[in-house]
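What follows is a single structure, and I will ask about it in a moment.
Which chain is which? They are A, B and C, in the order written, and residues in each are numbered from 1.
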Amino acid sequence: MSERPDDLERAIEATLFAAEEPMTPESLAGHLGDLAVPDVRQALKALSVHYQGRGIHLVERDRRWHFQTAPDLAHLLRREREQVRRLSRAATEVLAIVAYHEPVSRAEIESIRGVQTSSGTLDVLMEVGWVRVAGRREVPGRPVIYATTAEFLAHFGLSSRRDLPGIDELKAAGLLDPVDDVFDALMGDGEDRVEEDEGGGNSPETDDNKA
Amino acid sequence: MNEARLPLDPVEGDAAEWGGPAATQGEDAALYLELDGWEGPLDLLLDLARRQKVDLRQISILALVDQYLGYIDRAEALRLELAADYLVMAAWLAYLKSALLLPKEEQEDPSPEELALRLQLRLQRLGAMREAAARLMARDRLGRDVFLRGAPEGLRTDRKTTWQCDWFALVRAYGVVNARTAPVVHMVRERPVMTLDSALERVSAMLGVTLEWVELRQFLPPHAEPRLRKSALASSFVAALELARLGRAELAQDETFGPLRLRRPAAA
Amino acid sequence: MSERPDDLERAIEATLFAAEEPMTPESLAGHLGDLAVPDVRQALKALSVHYQGRGIHLVERDRRWHFQTAPDLAHLLRREREQVRRLSRAATEVLAIVAYHEPVSRAEIESIRGVQTSSGTLDVLMEVGWVRVAGRREVPGRPVIYATTAEFLAHFGLSSRRDLPGIDELKAAGLLDPVDDVFDALMGDGEDRVEEDEGGGNSPETDDNKA
């Protein structure tokens, strides 16, 4: 070793390393057996010089000393790992329903899916940034309604929801036929859905062919 | 004592570590007559052997046996409850001692020397492990002698999830939803049928007309649409079977799947 | 600075300093961004040399590295720290037997100690995290076998099991071999092995490592 630390430096080094909180020169001096505080201060200075340029630094904050990671290496402590995951089946279904029927409430989504939808599923979609809250429906209970975002269109390479691939084919195949009376009831007789002009499969008029 | 036999030498630290009986007694002090202090007879034997202050490989088994028996005697004199395994060991050692003192030619197999050697080997092994344990415990131990960092910042890996989904998956999912929840309506359409009753009536009536063999198909309504024809065929077939069962018709078929013919029985 | 550490050394220094658990060269290489493991190993060696003689040391335990205080400074740090759990004599003995003989079955432990080992003893050692179940021995009865853990090595300051104090001498003296084997060797052959009771009811024939 080019620079062998003296005993006091070693003692301080070990003590600060093992300490759970930063320590003042006074508390260090007391801990190490009633040493002279100026000696401790001097040793602290020498140590901090030694650690300059290393991966860890000995720093003084508010008269208390502690070791910390070198600031330029802070990024090593908080690593970001990107992880690509496929959207779950449930989430994909919910996303599709929102896209085709927007704006749509959670009750409506559940009615269309035919299964209960955990709120986590919508949360994931909002976190991803593909679904947003689009206000409330002016019906009793004022349920929150959801719609897709510009990001959603961008991700799926659509210029508008009219471009939703396969919608005509789905309609032709009868896949967009409305579901049931509960659904109709939930949709509030369609009066508040005037602005809905696309994805047309859910328009109440088509319900008639069920009778 | 041979320095080269380090692992077998008594290690001072071990007794201190667990405060066992050997540590609490003087050189020749009376043994504590307390069996709780030992982990069984072998442990007691080892403790006694240690008192001989010699290498376990040079220990006198006879002397050891005497010490053990003496210890057990004293314990019994004090009317202490002695655990059975201590007594079994005492009996076995008494036997070993007498065998060792017997003239050689009267030895059984295995010889008492072999038994003594085995005992010695076992004591060596236990002694070695005891010393190893002591040396282990005397090491610089984490949390006692050496310390980890008091307040490590900790490393954290934030997992950022990028969700993936393509439009095909999206559209297919929508199709699946609709297919799953589309109301399934089972409608039974009204279809022209010939009931079994009317077939019975019809077939028996037609059988009354002739005595000849008549193929089943000729009983069917001539200009019926195909679906009614199918129904009539099935009903007429069952009607034919029923009439045969009642003895009001005879059935004949020349080959499998061949034309089925029927006629009125001659007697009827 | 007499010896300026290179970037890799600094990164490893900072990472191990901040880490809550010891790290292998592989996990370090992964954390720091898919580095070559041999480079990491070399840097670890260089770092540990740098810390020799300082108040804190960089040590390897079972292939995992961590910083710890220098052993000779124990007296400064020991005070007001919670005492290491005191093991019973039986537990220390069982621990030593497991460490020196591993993997070892309970019957083997009992054969060496000459007494039944209460299951509580092994439980304590497993609870402390120094002993683990290492599978079963493929002999009749398939007894569970035990071995020591990485925490065991770390706690007792052992880089590997080869560091166990006196293990080479014990091996050379045959003291880690079953009594039967040594006995047979000493007697020249094994033909006169007869069932015999050694008083404890735990004759070595019950060893299940002989198959």
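Going forward, a residue touches a chain if its C-beta (ideal position, glycine included) is under 8 Å from a C-beta of that chain, and two chains touch if they have at least 3 such contacts.
Not measured: the values here are computed from a predicted model.
Ranking B-C and A-B by contacting C-beta pairs places B-C first.
Each chain gets a centre from the mean of its Cα atoms; the one farthest from the centre of chain B is A.
One finds 42 Å separating the Cα centroids of chain A and chain B.
Between the Cα centres of chain B and chain C there is a gap of 29 Å.
In chain C, the residues touching two or more other chains are 15, 17-18, 31, 67, 69-70, 77. Counting partner chains per residue, chain B has residues 147-149, 153-155, 157 touching two or more of them.
Against chain A, the residues of chain B that register as touching in their complex are 147-151, 153-171, 173-183. Across the interface of their complex, chain A is touched by residues 1-5, 9-15, 17-18, 31-32, 50, 52-56, 67, 69-70, 73, 76-77 of chain C. For chain A in complex with chain B, the residues that touch the partner chain are 14, 17-21, 67-69, 76-87, 89, 91-93, 95-97, 99-100, 112-114, 124, 128, 155-158, 164-167, 170, 173-177, 179-180, 210. The part of chain B that touches chain C in the complex is made up of residues 5-8, 17-18, 20, 39-43, 85, 88-89, 91-93, 109-110, 114-115, 117-119, 121-122, 124-126, 128-137, 139-149, 152-155, 157.
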